[in-house]
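Before anything else, here is the set of structures, which you'll find just below.
In the two complexes below, chain A is the common chain; its partner is chain B in one and chain C in the other.
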Partner chain A sequence: MQEQYDVLVIGAGPAGLSAASTAAENGLDVILLDEQDSPGGQIYRSVSGKKSYSRFLSKEDRNDGLNLVDRFTKSGAVYLPKTTVWDVSHDGVLCSSDGESREIKAQYIMVATGAMERPVPFKGWTTPGVMSAGSADLLYKSSGIVPHGPVVLAGNGPLIPLVANHLNELGVEIAGILNTSPFQNKPKSMLRIPLAIADIPFLFKGLKMMGAMFLGGAKQYHNVTEIEAKGNGQLNQVSFVHRGQHKTLNAATLLVHEGMLPRTHITRMLNLEHKWDRVQRYWYAKTDTFGRSSNNAIYVVGDGQKVHGVNAATAKGELAGIDVARRLNVLCESAAQLQIAPVKRRLYKALAPRGFVDAFFAPRKNLFTMVDEVVVCRCEGVTAGDIRQAIKEGCHDVNEIKLRTRCGMGPCQGRMCGSALAEITAATLQTEVPNVGALHIRPPIRPVTVRELRDFPSAT
Partner chain B sequence: MSTNISTTLDTVTIFFEGKSLTVPADISVAAAVLGPGHAGHTGKNPVMDDNRAPVCLMGVCFECMMEIDGIPNQQSCLITVREGMKVKRQNTLREKY
Partner chain C sequence: MRQNFDVLIVGGGVTGAAVGYGLAKKGISVGVVDATPSVDRASRSNMGLIWCQSKALGNRNYVEWCFSSSKLFKSLASELKKTSGIDIEYTESGGLIPCLGEEEFTKRSDYLDALRKEAGEKGYPGTMLTRDELQAKLPNITFGTNVTGATWCAEDGLVEPLKLMFALRHGMEHLGGTLIPNTNVIDIAKTESGYLITTDDGEIECTRLVLAAGLGNRQLAGKFNVTVPVVPNKGQVFLTERVPDILPSPLLGITRTRGGTIMIGFEHEYVGTDTSLHTEKFCHVAKWATDIWPALADLRIIRTWSCLRVWPKDGFPIYDKIPGHENAFILNAHSAVTLAAVHIAELPDFIMGKEICKTAADFTLSRFDEK
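Our next item is the complex of A and B:
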């Protein structure tokens, strides 16, 4: 089998599918690697499956996803599903499919690994029954299974109304919606409205979503603090403070959501230049409009670069696909410009409302002021108190704290605790997150067996 | 061959903690044990020895790690069920030390 390609794309979501399709349509040899068993990423998870008709609640969403997959299938790009990438360099990757490892080389690599929900530690968040809000949608889209009710939703972000409405449509009992968004977000975000007017259907969709959540009838609690998941080995109650009063709701599932982050494990491992977003409080790989990163051979596209939503991700993927075709001389400059112009228009339209959305759903100031006994690193059982103690003892960089406490050294390799570790460290030292460093990410970025490390075919 | 059976039938039978469980053929192991299996939790944390269950269902949190067909540390949310698959809750602390 050919193991050298022009372009290697990691991730089969909207950005990765679009990038791979565009590059392949322009005549390049393209391979796309993805962890899942079918294309679509998280937003269009299992969209081409036999049962997706009944599992996608919106017909438009399903059609958009199917069109992306259809275009990709016809593009001629090679597709490698169920494949985990565990090392990336500027000219290739090491990956495993079904326990068999291999090396694949490429002239250009496109990282399209998408976004994840911001993990925010709180009391009891390791209790079974506590899940991220998005996971409820993923569970339904991929398997038709709904979470056990009664469900409590908590947090601040676009997924709260979305998931609440989906659960409502599916007949799942919602015991309450705990809104943690700060009141000051509203006036701040209103300043960004004028630009957002460029995409009125998008704003309308958002308003409709909020309206439906209100009409859904689930009790909403605003400005909620001190959320705690309770239960001995299994969630049975959620307690919180609302208007100065302690309240408790019975719940079998607690779905939490505090916004989205780009997944930066691969971009960090590659030592790309990263920037800090002060509104949404996350790190992202610096790129130009075409997704070119600080490394000449690496592109970063889609929500894995910056969280701008599905339409922007699709456009960003296409721009990268056109750009790489131009750089590899299969597309002349004038033909490239013809392809670029309409995609850029779509991208700018999709970006127009983001200033408003990002400010409206900005994470609250006290998001990481948890008490000392809260477990921050779920894998290694490291608490906020352990982190603060390490800082007191002189550790001022997150990597020093990691070595001292094992925070971020478990199987998830800091994916769940990395942002909390940085925020707690910055707050304790009364400084900003960019001043406390970022966790060093080293291969293998996924657990692999010794056999997988030993057996990958060496370049002979 | 078992592979033929699983592609032609809509359901497969897996064994969760030794008990047989008939589930849709196209779903992940995590979905199968959480939904039809009513598992509640998928394993214990080896450091804290407390019950854990999947958080993200997209390969990020590693809380869904289970023992599948004798191999531990498998991310059950990324693996599709197969006919005859043996799935166990992971408890590396108690078993290994």
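Our next item is the complex of A and C:
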């Protein structure tokens, strides 16, 4: 039997949950698919579970998360956890749960797959003991696995103080915090402060976080460059340049973070129109306020569209939910407008400080100027030098470089190396990233077994 | 500045690059202009089989043309390593076509017999293997219960097709040819001494012009009011995670790459230029593949892709002058990888004004008029 819904939502984070809830509350048949075993996404991972995660959230944040999940549970939307979507088209998805794949059809698809950390290759980044700050954060949130100290935190972005504070709470020794944010970000971002004042509690929260990090006592190094992870088979040292001097810290774990990017694998696979954000240096699917993409049947909502944080994501999801109800004629225009107005106000309030935050945490200019021997593509072992050589040979498009070097050809399909590949190419050709193309993404976006394909319940 | 070449080839895929390489080897001033790459082009998405056996009954010339190319590959591979620095990963693997059920075995066997009969005293290198013989050849594979045997031909082989394309391009450049990448041809005009090609990045002059742009030849030949009878023929392939080296010879439709991944696919569809992927098409391919080799079921698929083969309407290559033009040529071939070696050896002289060799003399454009 074919499964058919009005709306299919991919991802159970703030945007997906509120989109699904809103659409279902308005009387639509909605299904939400998510890879995790409980709703919440990354920020509210395991929020409704018994696990100890919740202690890392403030009381207000925990309540926000629980309310989102509670609302979703009552909305009547169908929830399909532990399900991996591996192909998406304009009228449905192919997904896998418990080793079986099936097709689920829908009139509208909402991609709410959230953001990921920008992977930035550097010397030694493949050494065991090096991981991204965000994934370390998710590990202790969901499984209680705590990183081995001493820990060095390195990078740029609001996640650094957050993780530093969590590590302090967990009693993990922090050997140092290496801030890679360039000084020139500060004056640029100050220009954006007037607008940001619209959300004073948000700014206050940020200041509190930075203050707590300072009080945590870990030594902070600013404007750090040339970070290198050292260790044979296991990390034992982190070296870097600070104020023109080479320095070294002993460390068992190096947590790096260079900002967040929307996950664009699904939106690229769907060939949606994308735009380039010059400040935060990432691609995002172009949408209107309601999340409608360049494909009539596809919505892209939340941080998977543009990284604006949890409050904006929740509002964006709601707007998409209202819009789809309006388009499917279960909600008349005047009733829709009544629902839309307060959500839009919330959205604009949440967006107000983003100009400041984006400029303050803008990725530094020399982020991708790594030396030739640095491995960029971990799946295929392709170095920055290999990429530069292919460019010299006349490959000027990232897809052509991929064919020449195998960079991005592995199982992750360029999730880890795509940004670096494009940035290195653009820098070598002295042009902008939008001029060097974007990697073609093809199904399956997550590996699926030959058996699942063989046993696929085909229409024939 | 206007560039000038004796020969300009439009199309830098395997066919265009092979002919460019062959011309550069002869010291001829040659340029190859290649459009902004789109990845579903045939040269960028094929399996890299050098495949001669069990095909083209009734066209003995084509059969010989393929086998003659296959024989040249070993020396081509070592030559390209020197001229381009790239190892095209050529393997004298031979090739197998697995048979499911008695009926398919008999059909394959009869087809080989007919090819052998047609070959006469020259002989035909393909043979049938029983299930036991197949098992002996590939001892590390446990075949499905319905596998009855396979055809075998030692002269089939395998290359890394992307490396072949890049090796031909770089080899050509090292031998003095010029690659003009990321450049789209907009117009072609006849001049007194040759042709003037307008691109989105300036003009190029040449004495001789070769259209080797695959399906793009249909548009380019339109500039000469010539219809090229090639159609897109869609194939879909899926690629699994890496496995150890247990498949030294490809089973037609199931090929292990040097890197260890397995490519599976054999579909032929005539659906215009639609390259969208259709999972339902993969289902029966997955069923077929696991019927032959059940252990494949446990492997994870890491990627699928589709591409458009360049398919001359009767399946055979086209090497001809554009009607009314002594120095403008059309080249189109479906088996560009298999034929690359013989293209390097034979087509440059043809472009430079000599008669094409007898084996390839029938691959004209005019053969399509007669029908």
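Heads up, the rule we're going with is that the second predicted complex is superposed on the first by the 451 of 460 C-alpha atoms of A that agree within 3 Å, B and C clash if a C-alpha of one lies under 4 Å from a C-alpha of the other, contacts with A are read in each partner's own complex, and residues count from 1 in each chain.
As a working rule, a contact is a pair of C-beta atoms (placed from the backbone, for glycine too) under 8 Å apart; a residue touches a chain by one contact, two chains touch by 3 or more.
The structure presented is a predicted model; accordingly, all values stated were derived computationally and were not measured.
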Touch check for A:Asn435: first (chain B), second (chain C), both, or neither?
neither
Considering only touches as defined above, state whether A:Gly410 meets chain B (first), chain C (second), both or neither.
both
Touching partner for A:Gln337 - first (chain B), second (chain C), both, neither
neither
Regarding the shared-chain residue A:Arg454, is it in contact with chain B (first), chain C (second), both, or neither?
second
For A:Asn250, is the partner it touches chain B (first), chain C (second), both, or none of the two (neither)?
neither
After superposition on the shared chain, which partner residues are touched by A:Val130: those of chain B (first), chain C (second), both, or neither?
first
Report for A:Thr369: first if it touches chain B alone, second if chain C alone, otherwise both or neither.
neither
Touch test for A:Glu393: chain B only (first), chain C only (second), both, or neither?
second
Between chain B and chain C, whom does A:Asp87 touch in the aligned arrangement: first, second, both, or neither?
second
More chain A residues touched by chain B or by chain C?
B
Which chain A residues come up in both lists, the one for chain B and the one for chain C?
410-411, 447
Across the complex, what residues on chain C touch chain A?
36-37, 39, 44, 162, 166, 169-170, 179, 181-182, 238, 240-241, 259, 264, 277, 279-280, 282-284, 286-287, 289-290, 296-305
Given the complex with chain C, which residues does chain A contribute to the contact?
87, 94, 103, 393-397, 399-400, 403-404, 406, 409-411, 413, 440, 442-444, 447-451, 453-454, 456, 458-460
In the complex of these two chains, what residues of chain B are touching chain A?
24, 26-28, 31-32, 34-36, 40-42, 45, 47-48, 50-63, 65, 73, 78, 80
Chain B touches which residues of chain A in the complex?
35-37, 42, 46, 49-51, 82, 84, 116-117, 119, 126-132, 134-135, 138-139, 142-145, 233-234, 263, 375, 378-381, 410-412, 415-416, 447
